[in-house]
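Next come two complexes, and both contain chain A; in the first it sits with chain B, in the second with chain C.
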Partner chain A sequence: MKRSARVGAVVGGVLLGAFVVVAVAGSLHGSPTELVGAPLEPPSGAHPFGTDSLGRDLLARTGQGARASALMALGAVGASLAVAVPLGMASGWRAGGWFDAATMRVIETTQVVPPLILVLLLLGAAGPTATTLGPVELTPGTRIALCLAVAFVPFFARVARSATIAERRAPYLAELQRLGVGRLELAVGELLPNVVPVLAGQALLALAIVIFAEGGLSFLGLGVPPPAPTLGGLVAEAGGQLLGAAWWCALVPGIVLVAGITGLNLAADATVAAVATRSTRNVP
Partner chain B sequence: MTGFLLRRAGALVLTVVLALAGLFALMEAAPGDPSDNFGAVVVADPEARAAIEAQRGLDASAPARFRAFLADALRGDLGTSYFDGSDVASSIGAAAPVSLELGLLALVLVVAPGAALGALAARRRGRPAELAVSVASLLAVSMPSYWLAVLALVVVGERWPELVPGAGGYVAFADDPVANLRTMVLPAIIVGLGAFALVARAVAASLGPALDEDDATFARACGLPERTVTWRIAGRRAAPGVLSVAGLAVGGLVTGAVLVESVFQLPGLGQLLVTAFTRGDLPVALGGTLVTAALLLGVNLLVDAAIVLLDPRVARSRSNLPGATS
Partner chain C sequence: MTPSSPSRRRALRLLAGGAGAALAGPGLLAACGSPSSTAERVAARHRDGTLRVGLAGAPGNLNPLDSGSELTRWIAEPVVETLYEYDDDLRSVPLLADGEPEVSADGLAWTLRLKDGITFDDGAPLEAADVVATLDHMLDLSAGSEWITYLLDYVQSFEALDARTVRIDLARPYGLLRSHLTNLPITRRDVVGARDRIVGTGPYRLVEHTPGQAFRFERNARYRGEPGAFEAIEMTVFGDAAARLVALQQGRVDVITSVSHLSLATVEAAEDLRLVLADAPLDLLSYVNLHREPFSDPAFREAVAVSMDRAGVVERVFGGHATAGQGPIGPAERGWDPDLDVFAAEPDLARARRLLAGAGTERRDFTITVGTSQLGRDVAQVLAAGWARVGLDVDIVQLAGGPWSSAWLANDYDLLANSFQSGFTSGPANYLTLAAAHSQNLLSCGYVDRELDGWLDEVWQTSDEAARDEALRKVSRRLAEEAVICPPAYPKLAVAQRRELSPIDVGQLRTSRLALHRLRFLDA
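Showing the complex of A and B:
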């Protein structure tokens, strides 16, 4: 790996570490909804991030928000991968076949609007009331995570598909098939391990985008409803009240948000670079 | 060339019809009934409710309503708002110029400089300039526009209130061009940051290797100035790679507008869409989405045409339609 890529990876790791520390420390610091001090206290020993306009501790709120963002990102990306990877691999296995053609057409159709607008549409269609999926009642957070997951399926399916197409050309797959190895075994045992590294970088990038998008939805008032704190919601509260003197209300949650997104972007870049180095080294 | 573009346009029409069907299905799947949103007097009275449903064609079967929806959409009739009964197409027409101005300002102020910085990074590989550009684009892509917008409002708005459009403080360009531009510059810069990063990275990634190609080396050996080598020789080779992110960049501008317009109270498409989604006003939301989709599809078609003009081989290989792979 190049030196600049290594530095990037280290900086990304530090930023992600800081995000996790804030999430854990904030969750341990106290209740995010209890009124613990005077409104708009500047940062101090008792309240390291200060208090908000109602006198709630901002470290506890930021920490809870960071934890909620991280959980939502992991859930949404995990659910999306679970659907998209089999879909993309099935598509790429017979690239150009009818299944591939149909899947790609549907995927292209969902990509005619930017992902954020797709998520807004899905949320709009899901309606404002509590949704039930069969016997399970979905909390607002789960519903938003599911909508984000759906919006990422086209993206991951495309990546999995093109990685599969690239790997399908390798002669060993045809040889193994001739030896009588089953298709499912080939797909899971041979193809998947070669698709996963390509997906890893994209999944990290998607985590960054989900954290950004979840913040955006909360910011627009379409995310997890108050009083549960979210990073985007905290920024929106600060903006709504135009707290010129209380700079920390908008600055601190935003910095945590930026640390998380930057860290994930750097980690994604480092992973992509590492995978590229690995694959060039393997080629004779 | 023409055949290729016709094929692309044909695929595009199919995509548009599929997208419209998807939007219609979403509207059908949404809980509640369109007539729930009429005035309370109407909702409570079954007879009045049935009359309005019949008047608006809401009592027809789903396929019949889809045909009507499709025909209306193709004629430019996007229905009326559930919320206040206003015409969706004219609301969009009123909001579009604001977003268009924001987007154009972002292109000029942020995205074009992004391309120039990307070219700088490509020419100074391994030097501090490249590092500076990559750090700048990383920060631009990592700082959420809604956070920057709030900071701008709080910090800049506190000291120089005339630079930000305050609540209801939007001034139309036609009324006062100077005041309009003064308040639109800051939002436009924030809207453009995502596209800035995308374009700077794409230019650096495509132009860098192109400057090392044999034709560029040969041109240099012949004594052509570096400026000519960059723009005429390597630039031509790098252009398709840069153009292929244009759709994403425009998508980024749209996303930025959606998030930023509501902070600065700019009465553009983004604010229209967000208001529609918060109120559950599906006709307005769908109309706004359709306009966005039309914009992106149009940009993609133009990009396809430009790529074919630059490299006619693309049109001959049927399987390698841009966008069909990866």
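Showing the complex of A and C:
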């Protein structure tokens, strides 16, 4: 790995560490919904990040918001990978066949709709109130995570398919098949470990995009309903304070949001570089 | 968001741009110009004689006969007039009508004479047929006019007796008709159904508009009275409250409506701006659903009412520019009872806990359904935080206008809240708010009280203003005591203006009117 990639990895790690520290410290600091102080108190010992326009502790809200945003990102990307990886691998395994052709046409059709519009459509269809999926009641956060997950499926499926096609051509797979190793064992035991590193970097980047997207949805009023905080929601709520002197309302959660997204970007970059280095080393 | 091709550089660029804007925003905004340079710019702009107004929104349908909402009527206000108007003491006095209406002894036949020589801005004379066409449109179910809720069941028929005389026959006594005649706009008969055009008899005429965005009015040369001080009035929509305020600070507009509660202090602190606050018929609607648990339980209902953090809403949301709520009638409305003191401003947590302990329902959770505005969200959050202190778990549901109304109509809510301004339909009153308390009303919240139904009937039917006010006071007290309609606060109507403009008339704001044509530039 190049020196610049190593520096990026370290900086990304520090930023992600700071993000996690705020998430943990904020969650331990107190209630994010209780009215604990006067409105718009500047940062102080009692309220290190100040208070918001209603008098709620901004450290507690930022911490809870970071936690909620991170969980939403992990949930969205995890759910998306859970669907997309088997789909992409099956498609790549049968590249050129009818299953591959059908899957790719469906994915291409889905990708005609811009992802943000797709998420907005899905959220609109789900409605603003509690939704049930069979016996399971979906919280608003879960619903948003699932809608974002759907938007990522085509991308991850295509990456998984490409990685599978590349790996499928490797001679060792044909040899293992000749030795009588079953398809499932080959897919899970041999193919998957080689596809995952390719996806890892993209998944880290997707985490950053989900956090960013959640911020955008909150800004449009489609995020998690109040009083539960998310980072995007906190920045959106603080919009009205930009004209006053309460700089901390937008700045503090904004910095945490930037730290999380930048950290994930740099981590994704480092992961891609590491995978590339490994691939180069493996070339005979 | 670009999951189809996530690019690290693109994401970082977006992020850097957003962060930069967020960090630099306040500084940039503050550096927009000193008050003196802005004043020079405003004075230069005023030389074209155009008053510029920043609105929070504009409807797709411009027809003032269809809606009493301030968004519709503020746009129509310079153009259309009413048969009667409110004077400075909020008494209804003739405007297009030629004197008081003649009312038959049984109160069922009203005869109105129109003033002679009044013309619409397109040159057509005002005639009785225009009033008849206006009423016809309002009572047409397919037209979807909001006024039908006020007129249906009462107005039986109407006809033009001659070119200047209209007769309205009622199915039963309807004292509120006088209030309606003071608020319902009259347009020319050919355009009563038009949704993109306004024709009226007022001092200005609408000359061009971009739907939902901008409106330009010019002086109506045919106006019979003193012409407005401005050559033209331009209204521009700034949907974002902060953007609206920036436009005012920069001197790009002279007046902004719907000042955000978050910006009141900023406007107050600006030496070149004036914050105009008025006690107006601006209500925070709050209905509890008695059709179902938990609010069907009187003890639960009372516990919620006594633990409502009214002081929190007044101070934290409105910055002190509001009055703690009691019953449904606020200080700017007919029937206001200053002695009504059912609830303390601070929540009575001990009493609420006692009431909950004795409540029949086991439920300790409910939803509060509000609109999508920041105001509704903030009020709900303060209330939810207060109720959490007595162990009540409150979910906040935000719904846009259509779904919110549907939830109300379908009785699909626990506690329903929103802000509602009624000055253009009821003047210094809000009769529609009370309708949900009547057991026979379509929007009934499930409260059944025959005595209260009788008082409400009297409110709508009597022509005796004192009797109406007394009935309103009794209604407000009963609904507060029974914890059926008890809003957390009575907010003030907030408008902001530049000081280069003469002060907006607070008296007119008491009925939601901006009365822009009465203003003038002080620096011209």
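Just so it is clear, the second predicted complex is superposed on the first by the 280 of 284 C-alpha atoms of A that agree within 3 Å, B and C clash if a C-alpha of one lies under 4 Å from a C-alpha of the other, contacts with A are read in each partner's own complex, and residues count from 1 in each chain.
The working rule: a residue touches a chain if its C-beta (ideal position, glycine included) is under 8 Å from a C-beta of that chain, and two chains touch if they have at least 3 such contacts.
Here the structure is a predicted model, which means the values were calculated and not measured.
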First (chain B), second (chain C), both or neither touched by A:268: second
Chain B versus chain C as contact partner of A:125, first or second or both or neither: first
Contacts of A:117 with chain B and chain C, given as first, second, both or neither: first
Which superposed partner A:235 touches (first chain B, second chain C, both, neither): both
Touched partner set for A:220, first chain B, second chain C, both or neither: first
First, second, both or neither for A:212, with chain B first and chain C second: both
Touching partner for A:4 - first (chain B), second (chain C), both, neither: first
Partner chain(s) touched by A:17 [first = chain B, second = chain C, both, neither]: neither
Which superposed partner A:106 touches (first chain B, second chain C, both, neither): first
Where chain A meets both chain C and chain B, residue numbers: 115-116, 128-129, 208, 212, 216, 221, 235, 239, 242-244, 247, 250-251, 254, 258, 261-262, 265
Contacting residues of chain B [partner chain A, same complex]: 14-16, 18-19, 22-23, 26-27, 29-32, 131, 138-139, 141-144, 146-147, 149-151, 153-155, 157-158, 251-252, 254-255, 258-259, 262-263, 273-274, 277-278, 280, 282, 285-286, 289, 292-293, 296-297, 319, 323-326
Chain A partner contacts - residues on chain C that touch it in the complex: 1-6, 8, 11-12, 14-15, 19, 22-23, 25-26, 29, 240-242, 245-246, 249, 260, 262-263, 265-266, 309, 312, 315-317, 319, 372, 374, 377-378, 380-382, 384-386, 388, 395-399, 403
In the complex, chain A residues that touch chain C: 33-35, 39, 53-56, 111, 115-116, 119, 128-129, 151-152, 154-155, 202, 205-206, 208-209, 212-213, 216, 221, 225-227, 235, 237, 239-244, 247, 250-251, 254-255, 258, 261-262, 265, 268-269
Partner chain B, residues of chain A touching it in the complex: 4, 96, 104-106, 108-110, 112-117, 120-129, 158, 162, 165, 208, 212, 215-216, 219-222, 232, 235-236, 238-239, 242-244, 247, 250-251, 254, 257-258, 261-262, 265-266
